[in-house]
Each structure stands twice: as C-alpha cells, then as structure tokens.
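Both of the next two complexes hold chain A, though its partner changes from chain B to chain C.
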Partner chain A sequence: MRRLILALILGLLLGFLFGYTASAVLAQGEEPPAPSDNEVNAIAKNLYCPVCENVPLDVCPTQACIQWRAQIGDLLAQGYSEQAIYDYFVAQYGDSVLASPPARGLNWLIYVVPPVAVLLGAVLLYRRMTIWRQAEELAAPQATTSDYNQRVEDELEARR
Partner chain B sequence: MIVNLGFGALLIAFILCIYGAAAAAYGARDGRDPWLASARSAMLLTFPLLTLAALSIIYALVTFDFQLDYVASVTSRSMPTYLRVTALWGGQAGSLLFWAWLMSAFASAVMLRDWRRDREFLPWVILVSLVTLGFFLALIIFFENPFARLWQGVTGTVFAGVWQPAGAIPYIPIDGNGLNPLLRHPGMIIHPPMLYLGFVSFVIPFAFAIAALITGRSDDRWIRLTRRWTLWAWLFLSLGLILGSRWAYDVIGWGGYWGWDPVEIAAFMPWLTGTACLHSVMIQEKRGLFKHWNMLLIILTYDLVIFGTFLTRSGVLSSVHAFAQSAIGPLFFVFIAATLLLSLYLLNRRWESLKAEGEMTSWLSREALFLVNNLLFIGILVVCFWGVVFPLITEASGAIGEWFPSLRGIFSGQRITVGPLFYERATGPLWAGLLLLMGIAPLSAWRASTARTLGRAIWKPFAISLLVLAGMLIGGLRSFGALLGLWLCAFVLLVTAYEFWRGMRARAARGENYFAALANLMARNRRRYGGYIIHIGVILIAIGIIGVEFFQTETQGQLAIGESLEIADYRMEYESLSEWNTNDNRLVDRAVVSVYKDGVFLRELYPRRDYYYESQQAMTIPGVRSTIEEDFYVLLVEWEEISASRATFKIYHSPLINWIWIGGLVFVVGNLIAAWPQAEAYDARLRRTAPAGARAEAG
Partner chain C sequence: MAAEKKNTGWVGRLLAWGLVIGLLAVVAVQLRASQQGVMSRGEAAPAFSFTTFDGVEYGPADFQGKVVLVNFWASWCEPCELEAADLQTAWELYEGRGDVLFIGLDYVDTQAEALAYLEEWGITYPNGPDLGTDIYRAFRARGVPETFVINQMGEITFVKIGPFISLEEITQAIDLLLEN
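Right after this comes the complex of A and B.
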C-alpha cells in the first residue's frame, strides 16, 4: 500500500514536472498572433506600388500588390513599427511609394505653394476692393448725396 | 472600302480646316462676304466628313476588321456589339477622333444660328473652332491614326502604317486584344461621351471671347450669346464627372467615389474655372464689372480643356520621360502654350477698353461675395493643378541635379505620389467656404448691402439652421468636421427654400395658388431658380460626401464557409464560392454571402472577380446592398484555390453615399431648367416689349 502511494506521488511529481517543462518549452516556441487584415490595410492605405499607378495598395487587386500586403503582414509580425515599414518600402522603392510626399527638399513646395497662392489672392482681392471703395467715395462725396437726398425728402414732404 | 472612304473623309476634313481658317481670316474684312460664306461652309462640311470617318471606324470595330491596328488593339471576337461600338473611345486614336467629331458637331451647330446681328464675330469664331479642330485632326492623321493598318515586312516583323510599304503584306490577326476590362461597363457608354461633350462645348464660349477681343467689342454681347452654351458645356462636364464617380464606385472595387486620381483631376479643373466663370459673368451682365477676369476665366477654361486632354493622352502622367517620347505630348504642349500666350496678348491689347463700368461699394454686396466665390474656386484649382504638376516637376528636376551634382540632394529627380490626403486637407476649408457663400450670397443685394440688411434677410434660416445643429449635438454627433459640414448644408438648404418661399408668397399675394406660383416663378426666371435647384443638388452631393468621408467604416477578414464578418449593424456570412468560364473569355469566381442587419436576414450578395484571358487583367465587382441611408458593399479579395473553403472579404459600410448620385440628378434637373432654350424666347419677348433705352442696354 505504502509502495502504491509512493508510486502515485512520484507519478504525480513526474507528471507535474513533465507538464511544466513541456508548457514552458511550448510557450517559448509559440508565435505572436498574426497581424489582422485590418492592421495590414491601415498601413497599405498609405502606400502605392510603383507599377499600379494611382491605386492605393490596400485595394489594388494585382498579384504584386497582394504580395506587398503579405510583406507588410510579415514585417508587422517581426515587430516593425508603422513608420519602420514605411521607411523599409521607401528604402527599397523610393519616395513615390508614399501616399503623402515627405516634407523634405523640394517637396516642401507642394505644401507651401497652395496656401501662399490663396493668401496672395485674398490680399489682392482686399487691395482691389479697397481701391474700388475709395474710388466710389471720391466719385460720390457723401455731402452731395446727402444734399440731394435732403432735397428729395423736402420736395416729397412739400407734396404731402 | 468603307474604311478607305473614312480615311479620305478625314483627310478632306483636315484640308477644309486649313482652308476654312484662312478664308475666315481673309473674309473678316467688310466686303469679303463670299470668303466668309465659304469659310462657314467649310466649317459646316467638317461635320458630315468626320461623321463618315467615325462611322467607318465603328463599322471596322463591329465587323472585326483586325487589319486595322486600332481595331485589333481594342476589340476581340468575344466582345458584344455595344462594347465594340463604344470601343471608338476605348483607345487613344479613337478617342481623339471622337473628340474631333463632337467638336465639329458643336461648331457646326453654332454656324447654323442667325449671324446677321453678330456678323463681326463670325470669322473669328470660325477661325478659333477650325484651328482647334485642325490641331486635333493633325494629331490623328500624322501621329495617332485609327486607320493605320498592320503589315508584315520581309523579315517577318509586324508593324502599323497607313500606307503599304514596299514588299510588305497585309497582316490580319486571328483575334484582337479586347477592350480594357475597366472600360467594359455600361457606364462607359455614356461617361466618356459626356466628358468629351463638356470639353468640346467649352471651345465655343472661348471662340466668342476671342472674337470679342479681336473685334474690340467691350460690351457683354459675347457673354449673352454664349451663356447658354456655357451652361450646356457645364452640364455635360458635370454629368461626365458624376457618371465617372458612379463608374468608379461600381468598377474599381474600392468602396469610394472619387480618388483624386490625376485623370479625374484633369476633367475637374476646367469644371472649376467654368463654375467660377458662370458666377462671375452674372456680375458683368448686372454691373459691367470684372470684364478682364471673365475673359481670363474663359481662356483658362479652354486651355485647361486642352491640358486635360494632354494629361490623359500624352502619357505624361506615367512619366515625364513617356511624355518626351510620345509624339503628341510635345505638340500638345506647344499648342497650349501658343493659344494661352496669344489669348493673353489679345487680352492685354484690349485691357483699357475692358475697364469696369462701375465700382464695388460693399464687402457684403452680391458681386463682392461672387468675387470671394471665384477666389475659392481658383484656390481649389491651384491645389489641383499643383498636385498634378508637382510630381512631374520633381521628376524633371533630376536634370538640374545631374548638371550640378552638389544640388542633387534637392533636385534628386525622384518621382513622388500626391495622394488623396493632400487634396482633401488642402481643399476642405475652401469647400466649406464655398458652402457658406452659397448660403449668404443668394440673400445679399447687388451694389449696396450692409450687415444690417443682410442680417435682416438671413436671420430666419440662420436661426433654424442653429436648431438643426443643436439637434445633431443632442443626437450624439461629435465630429467637428461633420457637424460643421452638415450645419452648412442645412443652412444652404434653408436659405434656398426661403428664397423659393419668398418668391411664391409674393406671387400668391397676387392671387395665384402656391403650385402655380412656384411654376410661374421658375418659368419666368429659369436661370435664377434653376441655379437654386443646382445649389440643392450640390448640397445633397455634399451630404453624401460628408457621410462617406466622416462615417465610412471598413473591415477585412478571412472566413471559412459558415463564418461571418461584422460591421456597424451588419453581419455577413460566407455561404459558397463557384468558378466558371464564360463565352466572352472570362474566368468568373463568384462568392455567395448572406447579409443580416440587426440579426434579420436581408438578402444574398454576389461579390466576384472576373479574369479576362485576352488582356490578362482582373476586375473586382462588388456585391452591394443599397438603401437611401447607407450602402453595404462587399468585395471578394482572395480565396483558396480548388477547395474554396476559405475566402477573404473586404466590407464597407458607407452611410449616405447614395445622396451623391441623387444630388447629381437634382443638379442635372436644375441645370436643364437654367439652360433650356425656351428662356431665349422669353428674353426676346422681353426685348420686344422693353423700352428702347432698356433694349439698347440689353443688346
């Protein structure tokens, strides 16, 4: 009986040790969860492949773009950050893969020119308007208009 | 035989363009009427000749005349007849011929009007029309000829050429390459013709403007003569853009309606200047102001039409180098530069005589607000133009880097992509400004308008719009952009309704019932009330855009049969996938999915992927459940071959998206009301009954 109890305890201990070791080994080899399609698309949305003009990567149906998306998934799984993935593709294929040009070098002009042009237009409009109003005031001095209005009012009053 | 006839007609039309332009210029002087009549006949003759040329190409497309290079490149035996006809505008050479044919139709229609009163304009209108037409015909005949045939040389090489080279024999492929799958959509039957109609009809107001500049007519006669043309041109262009957005939604498989693609922008730019022009010409008619500006706008619109055609036809969008290698790219460039410089020279020559007849007195007057409206439209144009052109500049700047290696860091020659985010952020505030103006300007007065008078006119709709805003806040809407946009939409709708109500009430006070009052109001002032209906259409489109931009959601996932994917209140379950070959050379993979909303089964949808063997291209066709409040849009992205036990789907939930196309319809109705020719008869009636002084002013 004592032998049987000893065997059981030993068996339990062995079982526990085996189970613990196995689970630890398994946990070490377990891969992190694969990135979801939505996580891949959130990044692909901001990229363009050099071949499919003007079709964002997240919706492009060509085989090359499917492979690019898979590559984004792989990079995410390897722990790359979003910016690191953009940098990776820029290093491979150049700035044209980015949906928004990076603000460096000549590219600053893309962001600067439109607001400057609109502001310039607004200033020109304002100046033109001011000149027009001044011209109007010079052409029709207030006193003359008032005199004329007063005369009209007086004559209307006289007729009533 | 018929094809040879068509080619002959094309050549004669080109010769007539050269002759007619020269005869018109010579016949411009008094006493040379026979020359002018001859030039007019030449213009009129181009239409039947180009009709013959276009019909002969259509005949070749329908009868599979594969010896013609164009036919072999855009059709195949498996294509249905209607697609073979639409293949006329499915490729480069055919598109140019179609463009020229429509141009000749419009210019000929202008020739048929009664010219006795405006004889001085006639030669220059003919000249401008024929020079533009002649330019396109030259491109067709010498560089992009749809009549070019395939030949096999002595060495066995196959090449295209109009004439048979010595020793070569005709080469007839067994089948053609077929039309680009993206163009095999019913929308393609009408979308490109509408865009082209819009493009070519803008040439007519430009021709009249140039005629006014050459003859020195400084009044607004050219505007009065062309305002209806401009409205029709604008209608066609708008319709082309709206149909294009629907086609993109149905065919491209991305859940969107507008991608800020350079080809879209190429058609959008003349629309922007055309819209600005339609507003600012009203100021010239009413107040005699902005004559220079209106000239400039119509010149810009014309050159943007040619520029748009250049962008899409020269290959420049693929690469600056493709442009340099293409035969027609540099020619387009030279033509645009020449017409722009010449027009600006003419404008400069007449600068003094086009001085304003009056002054603007108030920042809140309608003319001042229209001017701000023009500033905003031109601002959007600058964003669009810069976004399209800047990548070409960065690419071309590589040459500077090569000459001066120390500057290579700045002028790297690296191509960049300008995606939708740039356009959305840069134009968003400008669109909001335009919406605000649409609310204020209709209630402001011409000439003098003070904050007090404007406030008195505007406070009622403004107050109600604030209630709408409060309602949206109470309803839980918190997005600042959406709140601002929807509040502006509500404000404009209320102002427009208020304008209708005021007009109806005034007529009703004279004894008309309200329905008759509304009908009479619109019949008597079609341009104004047609314009208001256009505004309503624009607002409905804006509501649709706000719905998509602020509230669209999407998700993607791989499903086993029986599994489901959820978005908003919807659930979609993957049922099955099947694959088959069709008679028109497609491999179709079609999934069956069931759609549930709030747990209730709604219907099955069938997203699919069509693979075209001839062109080796795939098309993703969505399954869509459409309602007035939202779309559920599903795409088949990938699937496991053979077993089809797992497939990947992408689904979009797009609130309010259908209002874009409903608004488009309202927009078209408003435009038709404003542009309908009967209004001319009404004007004529008015002139007959008006006193002599008023008649002189109107003339």
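Right after this comes the complex of A and C.
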C-alpha cells in the first residue's frame, strides 16, 4: 500500500514536471505579444512626419502618420530597440523626423548658440554694471567734513 | 595698462560682431534656400541616384542623353492615384524606345504600403524610396504628386505640381523633347 502511494506521488511529480516543461517550451514557441499603443506612442511622440509639420507622430491623424505608427509597431515586434527605431526612421526619412535634431553640421548651432549667448550677455551685463557703478561713485559729491555740516546746520537753525 | 584694456575691448567687440554677422549669414542662407520654391524650367536638374524596391541601382549615367520623367509619389497620397494609371500607360508607350526613362520616387512612405500601391496600379517603371528625402529636397519639391521632365541635356523642361489630368498631358511634355 505504501509503495502504491509512493508510486502515485512520484507519478504526479513527474507528470507535473513534464507538463511544466512542455508548457514552457510552448510559451517559447509562441508569437511575442504585439506592442501596445502606449509602447508605440512612447516612441512616436519623439518623431515628426515631414508631411504634417509641427505635429508629433503620436497625435498626427493623417494616413501617412497612421502608416508610420504601424511601422513602429512592426519594428518593435521584430525586437528593434527604441534607438534602433529612431535610426531606421532617420535613414528612411532624414534628420527632420526627430523631435531633437542630432548635433551634426549646422545643427550644432542650436545647442551651442543659446548657452554662449546667455553667458556672453551675463558677462557684458556684469561689465556694464561695474562701469555704471564706478561712474556713479565718481559723480557723487565728495564727502563733506563734519565741520562743514555743522555750519550748514547752524545756518539753517538761525534762519528758522 | 589703459591702452591694453582698450585693445582687449576692441577684440571683444570684433568677436561679438563677427558672431552676430556670422549667425545672420547662416539664417539668411537657410531662409533663401527655403524660400526658393520648386525647381523651374531651364534649371539644370540635380544629379541623383537611387535604388529601386527590387534592388536595381540608377545613377546619372543611366539618365544621360535620355528624356527622364521623375515622379514623386506616396501610397498615402490620394491625388497620386488620379495619375497612376496614366503614368503607367505613358511608360508602356515609350518603354521600348530606350531614350525615355520614367522614375518613381516614393516620398515619406512605408515599404509594405508602397509595394501594395505599385501592385494595385500595375506600375512597372523603376520605382524606389527617396531615402532621407534627399532627392525630394534637391528638386525643391513641395508635396506629392510632383513631376519633373528632364531633357537630353539634363535640364528641367516641364514641372507638374499635382496630378496629371490626362495621358495627353504626359505625352505632350515628352513628345516635344523627342521631336527636337
């Protein structure tokens, strides 16, 4: 009887083990789940279709944009990383599809000019303010002696 | 000391003005390029090369001495459908001659839909994606469909913005060049 129970438990364990392995193999063979709209839009919001200027791809309603979003979904399903998808779109449609243009060629100006201009402006403002302060100091009346002050006070008092 | 400070001030001013003038020049050049409009008759066509969807490469050597019709299109472009059949019929008229070449350049499109479009309209002349929209920008095109006819000398002789309205409109633009 005891042997029968042991054999039954062993059989159940083996059955469970084989069943689990088989289901794992099946899961590996299954198609990966299709990317969700959120996953597609997370990438699409950083892309712009040249046909609809200034409208991010995730909210663009045109047929071209719908096709592009489907293309992003296909690429995600094929295992492309986010960066690989951006690279694909740049190769197909040019740099202008990116929300943030890459720092190459004249694009460098976009990244360099504003901070340099702010820095230069701050330096110029500081220098100008220093000059103004010096000029004010020079133009201010010389400090009067306490005797002179006292005489003025006395004079004013006498006239009251 | 004062003279040295004065000299430094001049260098600073010169640099600042140089920077401002340089920036203005860059903006002016970009603005001029963007305001130029579509290429017009008499202009030399830009040199370009492309690879068709089935992997055949075309370059300036293939266009030399031929009348070349360059058509920008896209599968999502509804007006493009209005001229698709006429373009294919015109191509069939000239295909055997050897001195006329039709080229379709697919603008901002996805390949699966582009191939489906070509199949739907039975288009057989060389067609490929305009990668990076480089050729579109070289022709200073402004939308799709747009078509440029280039003569044997490499000059643009005909520009069509929007779809062709008839087969005759296409053949007239080409026959004029073949007669000369």
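To be clear about the criterion, the second predicted complex is superposed on the first by the 112 of 160 C-alpha atoms of A that agree within 3 Å, B and C clash if a C-alpha of one lies under 4 Å from a C-alpha of the other, contacts with A are read in each partner's own complex, and residues count from 1 in each chain.
Definition applied: a residue touches a chain if its C-beta (ideal position, glycine included) is under 8 Å from a C-beta of that chain, and two chains touch if they have at least 3 such contacts.
Not measured: the values here are computed from a predicted model.
Trainee: Can A:Ala77 be said to touch chain B (first), chain C (second), both, or neither?
Mentor: So A:Ala77 meets neither chain B nor chain C here.
Trainee: Using the touch definition from the top, say if A:Val113 reaches chain B (first), chain C (second), both or neither.
Mentor: Both partners, chain B and chain C.
Trainee: Quick one: classify A:Gly94 as touching chain B (first), chain C (second), both or neither.
Mentor: In the superposition, A:Gly94 touches chain B and chain C alike.
Trainee: Applying the document's definition of touch, where does A:Tyr48 land relative to chain B and chain C: first, second, both, or neither?
Mentor: first
Trainee: Would you sort A:Ala103 into first (chain B), second (chain C), both or neither based on which partner it touches?
Mentor: It touches nothing on chain B or chain C.
Trainee: Applying the touch criterion given at the start, work out whether A:Pro61 contacts chain B, chain C, both or neither, answering first, second, both or neither.
Mentor: first
Trainee: Any idea whether chain B or chain C touches more of chain A?
Mentor: On the superposition, B touches more of the residues of chain A.
Trainee: Is A:Ala34 in contact with chain B, with chain C, with both, or with neither (first, second, both, neither)?
Mentor: Neither: A:Ala34 stays clear of chain B and chain C.
Trainee: Could you give the residue numbers on chain A that contact chain B in one complex and chain C in the other?
Mentor: Correct list for chain A: 62, 94, 96, 106, 109, 113.
Trainee: Under the definition above, what is the set of chain B residues touching chain A in their complex?
Mentor: These residues of chain B touch chain A: 252-255, 259, 261-263, 317-318, 359-361, 363, 368, 371-372, 375, 378-379, 382-383, 386-387, 390-391, 393-394, 397, 409-412, 414-422, 426, 430, 554-558, 609, 618, 620, 637-638, 648, 650.
Trainee: Spell out the part of chain C that touches chain A in their complex, as residue ranges.
Mentor: Of all residues in chain C, those touching chain A are 16, 23, 26, 30, 74-76, 108-110, 113, 129, 131-134, 137.
Trainee: Would you pull the chain A residues touching chain C in the complex into a rising list?
Mentor: Going by the criterion above, the answer is residues 49-51, 62-64, 67-68, 70-71, 90-94, 96, 106, 109, 113, 120.
Trainee: Enumerate the contact residues on chain A facing chain B in the complex.
Mentor: Spelled out, the residues of chain A in touch with chain B are 36-38, 41, 46, 48, 53-56, 59, 61-62, 66, 94-101, 105-107, 109-111, 113-115, 117-118, 121-122, 125, 129, 132-133, 135-136, 139.
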